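Below you'll find a set of structures to go through.
After this come two complexes, each holding chain A, first together with chain B and then together with chain C.
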Partner chain A sequence: MRRYVVRRVLLSVPVVLGVVFAVALIVRLTPGDPAIVLLGQGATPDAVAALHRELGLNQSVIVQFLHYLGNAVELDLGRSYRSNERVTDIIATALPNTLLLTGAGLGISLTIGLPMGIASAIWRNTGLDHSLTGISLLGLSMPVFWTGIIMQWLFSFELGWLPTAGIGSWRHLVMPALAVGSYTAANFVRMVRATVIEVMREDFVRTARAKGLRPGGVLHHVLRNATIPLVTTLGLQVGLLLGGSILTETVFAWPGIGLQMIQAINGRDLVLIQGLVLVTALLFVGANLIVDISYVFLDPRIER
Partner chain B sequence: MMGRNQTDALAGVAQVAVSRGRLYRSWRRFCRNRAAMAGLLVVGVLVLAAIFAPLVAPSDPSAQDLMRQDMLPDWDLPFGADQLGRDILSRVIYGSRVAFEIGTASIGIAVVIGLAIGITAGYLGGWVDEVLMRTMDVLLAFPYLLLAIAIVAMIGPGLVNTIIAISVWLIPTYARLCRGVVLTARQSTFVEAARSFGARSPAIMWRHLLPSCFTPIFVQITLDFARAILMEAGLSFLGYGVQPPTASWGSMIAEGRNELLVAPHIATIPGLVITVAVLSLNLFGDGLREALDPRSD
Partner chain C sequence: MRTASIRWFSTLTGVVCLMALAAVAQTRAAQPGTLTIAESSDADSLDPKLATAAPSVLVYSNIFDTLVEQGRDLIMKPALATSWEQTDPVTWRFHLRKDVKFQDGTAFDAQAVKFTFDRALSKTSPARGLSMAGPIAQATVVDDSTIDIATTKPFGPVLAALSEVFVFGIVSPAAVEKYGADFGHHPVGTGPFAFDSWQKNDQIVLRRNPDYWGQKAKIDRLVFKIIPEASSQAIAFGAGEIDGIMAPDANLIARLKADPTANVYEVPGLRMLFLGINTKRPVFSDVRVRRALNHAIDTGAIASALLKGHATPAQGYLPKQVFGYADVGTYKYDLGAAKSLLAEAGWKPGPDGKPQKDGQPFTINLWGYTGRDPNSRLISEAVQGELQRLGATVNLRVWDYSELSTALWQEVPKGGPETAPYDIFMLGWTTITGDADFTLYGQISDISIPPKGLNATYWAAPDYMADIERGRTSTEATVRVAAYRDALTKLYDQAIWVPLVVINQVVVLKKRVTGYTPHPVEYYMLRMADVGLEN
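Let's look at the complex of A and B:
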């Protein structure tokens, strides 16, 4: 088991390195000189050259990449071009907010998606199934940011029940979490339904039924065997949640990684963008790593 | 007694008959699926509206008329007017043009590049496969939207750049899909036969492996069209998509956001249109997948 875990961890290292390199490449290919952005259009060539040296921009992209990597290992992601704050500090403030939002979204997505998906699969092709899959398809078709705006209009402006935007009490969390969660919930319903139906087609289910096991017992077997593919989908949901939170944070002025990202992009704050992309990709890869590792506990057959 | 060649030829004819029959049965199954048919109908209407926008739209989408600022929908203006008094119906129609242009172009690019990568990786295997697929893994390690935002942030907003960003985001899906199909098809008798006749790798990839990818890709395209439209809306909502005054559904919502208190219809209507378009594409794609699933035969 330890070998399996170590192997999985090692396998995700090249992916993370690839992401860092891709971001370094994108940043490098960006038109516009960050030194000019910092110093202003009227900067003297000497000042620009000095800043280039200071920021390491006069070196090749490979050297910059290795340098960035070396610093990243020591938790140094550079300083924001705009505010001169340490990027790690900015991430440390924003990350908990994003984790809270995505965590709440994931919770909503699970509490809605799991029972709906299972019910849909059990009573397949009935009126219930059709309405549940219909609702979930509708949920998938609405843009996350639009759902957020409509909720703002309804619950804040018209009814005055919830604060429009910002952060503070649990009431600030309700609408953003619903916006992020409802989209992933809709996706989850479809995944759960498909997975459970797939398992219900297997021979052992027929055997269980044939030997006269009561429906509840059969369901137990089905769900036990559907756990692994479901956990896999859960890992992929994290990507959706993180992406959805970029839009949701913008709509609700929720001070997380997504909002920072948009501000950094608008300010062409390349070092900050690089750090934020890195941390988001790490979250995603990390979530899927946890999913991979959890297989060992869920399925004793994966021992090797 | 029949010669061997004749038997083979007959088997070939039977094969074609079976596959034609399967396609026919798929089509019948699709027609019985009312939701999918409705989806196809709506998608058809939207595509026609996009193509013939100048003929269908009641007025110029950029024409401002301050007399009818924030006007609510009525008989003359079925969708009302926005904060600059522009006709929302016309803007929605022209917006469908942007949505379908970006969808078509980005999926077209993604399919071509994804097919090339997937077939090459699956057929050649070995280190080529490793390198190509690990690269795809890196692209997939970016959470939804982030890759597109990062790309557009770097190369700048606009129509062409949005297309590039969305296609890069879609490429890994097609590459993986085709690689999977090719890995299965590579073991099959017809590829072995082609190879034993001395067909060279590019010919085998082009003539024998490419066609096996078509059915799964066709289904994927309809579903990705829905994803691409949502992505385009998201990007233009953030201001990274098509730039004003060109109407796009996402930017219309962004503009309407500031008028929520006085004229909520400005943000509501484009969102409803996106929902209807994406829902129809999803219904169509789902129906197609079910109809083409060989297990339902």
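Let's look at the complex of A and C:
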């Protein structure tokens, strides 16, 4: 078990490094010189050359990346080109906000998606199933920036119940979490439905029913066996949520890493982009690692 | 059992309703004495040395002062310096205001000024906006309240340069020493508002400086709230959560103008969009062709239709409020005149009806951009359409603004400018100092021909250069104005640009905000020291 975990962790390292290097390469190959963006109308060739030297952009990509790695090992991810703030500080402030939003979104996604998906599966092909599937299709078709603005109009402008944007109280979390959660819930409903239906087709379910087990008990066994594929989906949902957070954070002015990423890209803040990609990759890899490890605990049949 | 659960359920409902009511009350109440303005981007840094873009300068122009200040009429006024004189052709002596303190309590004196200038002029890490400041060489302390600023050569617009808060905003040496590289997040200056707190991408809070040397602020707190999405800004404004919006989206302005709780302040700004013509390209080295282009673009339509009236057609190479502007004429929109000028230059209709010369069709390579300015892509496409009316084949390439900069200024074609892949490029330029020198010397001069600078037209006639040098080196207003009139006349005559539109600055504020007057320089639009709130 310990060997399994250690091996998985070690395998994650080249994945994360590879992602960061790929991004470092891509942003440097993309047209748009950070020095020109930073200097604006002051971008005379002399000023640009001086800023290149100051930021180390006059060196080759490999050299820059090796410097970056060397510092990263000591937890120094550099300083943002635009604000000169430590990248680690920026991430330390923004990341908890995104985690809060992602966590709340995941919670809503589970609370809505799980019961709906299970109900759809149990009473499949009935009116209930069709309407629930229809609702989830609606949820999937409505982009988060549209539902976000509609919610703002309704709950902030018309009713005045919730603040339009920003962060600071539980009230600020409601709409963004609903926006991102209902989108992923719609996705989740379909996955749950498909998984549960498939498990219900298995022989042990027929056996249990034949033995006279009451429906609640059958359901209990079905769900236990559906846990593993569902947990896998959850791990992937985390990726969806992290990506979708960019849009949600923009509409609701939620100061997380999504908003930081958009600004970093627009401002060609290469150092910050690399730091944010590193963190996002770590989060995604970490979430899936937890999912993998959880299999061992969820299914006694899996060898420790 | 059932009665208990009914009771529990109704209690819960009651609690939820009370919370909702409390939520309503909380959301709508504005903290007294607090003015909240929405911006679409967060500041990068509040250090004048590091951040020169509007989102940062809009905020820290409340925290820092300069030696002289640019008034709303663009004329320089005393600020941290009360008087000044020129002691020799390259030296200016400033007498500093006495009994001024920084917001951290330390004293403002000539040493602080020298510290600021040394920091900005550092060779190893100069201020990011330094190249916009002109030939400022150094600051020398004469005594505690007197300082000499030297330039490398005689420089007429020196006061305009020193008023640039984004290079020469005076910083507290004690605070810089204390915070080092983090000064941008703990700024300390002498201005009417002191820094209070900054939640990145959420809001920046400034509080009133009660010891300010000038007009003390009428409000207690000034909050810059970051709301990136335009419709979210409008909703927050309508719901009463914010008191103003800086530079609202053009599509929202009409709606906001109809809002009875709002005042919309719109003034002509200092940013101009124009088409630059590569005068070395064989077709466009003929001045008649360039004049034809000037006649072919309907700038009025661009301003009213594309920019919805939030811009004015350009009246020359500079916005009208700029020092040195002179009305030396503009080319009227006249397709007939354009076509006859082309014919004069040898472009006669060929067998397909389109102009051609020596068997070559009339082809134009047009570079436009997207980003940076609203609707810039649309304008590029409109220009393409207008030039096609001349019978030209127009190849439009739309760049991202930062890429266009690199392509124009850094990548000089190996075969020389006449082989450049562009004939005409679209650009925007803001005359930040309100002085003709900033634009004419920065954009159109021989020392700024790529790769040395930003003059992608490759034009800089010697007699024109003599005019702008005269304007730059004289310190007498009448001499400078006359010199720029001559320079502008030559520019008009040689038609190296097609000036398009001057963009308006817009700010929307609730009617409860009193005493606000817009400033033509975008950077100073949100200086709120003389603004009050009535309730």
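Here is the rule we use: the second predicted complex is superposed on the first by the 273 of 304 C-alpha atoms of A that agree within 3 Å, B and C clash if a C-alpha of one lies under 4 Å from a C-alpha of the other, contacts with A are read in each partner's own complex, and residues count from 1 in each chain.
In this text, contacts are C-beta pairs under 8 Å (C-beta built on N, C-alpha and C of every residue); 3 or more make two chains touch, one makes a residue touch a chain.
Since the structure is predicted, the reported quantities are computational estimates derived from the model, not experimental observations.
S.K.: Quick check on the superposed pair: does A:Ala43 touch chain B, chain C, both, or neither? Answer first, second, both or neither.
M.R.: second
S.K.: Of the partners chain B and chain C, which touch A:Ala281 in the superposed model: first, second, both, neither?
M.R.: The answer is first: A:Ala281 touches chain B but not chain C.
S.K.: Thinking of the overlay built on chain A, is A:Trp153 touched by chain B (first), by chain C (second), by both, or by neither?
M.R.: Once the two structures are laid over each other on A, A:Trp153 reaches both partners.
S.K.: Quick check on the superposed pair: does A:Thr250 touch chain B, chain C, both, or neither? Answer first, second, both or neither.
M.R.: both
S.K.: Just checking: does A:Gly127 make contact with chain B only, chain C only, both, or neither of them? Give me first, second, both or neither.
M.R.: Neither partner.
S.K.: For A:Pro143, select first, second, both or neither according to whether it touches chain B, chain C, the two together, or no partner.
M.R.: In the superposition, A:Pro143 touches chain B alone.
S.K.: Touching A:Gly212 in the superposition: chain B (first), chain C (second), both, neither?
M.R.: Neither chain B nor chain C is touched by A:Gly212.
S.K.: Does the superposition put A:Pro300 against chain B (first), chain C (second), both, or neither?
M.R.: Once the two structures are laid over each other on A, A:Pro300 reaches no partner at all.
S.K.: Where on chain A do chain B and chain C both make contact?
M.R.: Touching chain B in the first complex and chain C in the second, residues 31, 145, 149, 152-153, 157, 250, 262 of chain A appear in both lists.
S.K.: Okay, in this complex, where on chain B does chain A touch?
M.R.: So the residues of chain B touching chain A come out as 35, 134-135, 137-139, 141-146, 149-151, 153-156, 226, 230, 233-234, 237-238, 240, 250, 253, 257, 260-261, 264, 267-268, 271, 274-276, 278-279, 282-283, 286.
S.K.: How about chain A: which of its residues touch chain B in the complex?
M.R.: Against chain B, the touching part of chain A is residues 14-16, 18-19, 22-23, 26-27, 29-31, 134, 137-138, 140-146, 149-150, 152-153, 157, 238-240, 242-244, 246-247, 250, 261-262, 265, 273, 277, 280-281, 283-285.
S.K.: So in the complex, the part of chain A that touches chain C is made up of which residues?
M.R.: Per the stated touch rule, the residues are 31-33, 36-48, 50-51, 54, 79-80, 82-85, 90, 93-94, 145, 149, 152-153, 156-157, 159-169, 171, 250-253, 255, 259-260, 262-263, 267-268.
S.K.: If we count contacts the way the header does, which residues on chain C are in touch with chain A in the complex?
M.R.: Chain C reaches chain A through residues 20, 23-24, 26-28, 41-42, 44-45, 47, 50-53, 124-126, 128-132, 181-182, 184-185, 199-203, 225-229, 231-232, 235-236, 238-239, 241, 399-400, 402-403, 405-407, 409-410, 429-430, 432, 442, 448, 450-454.
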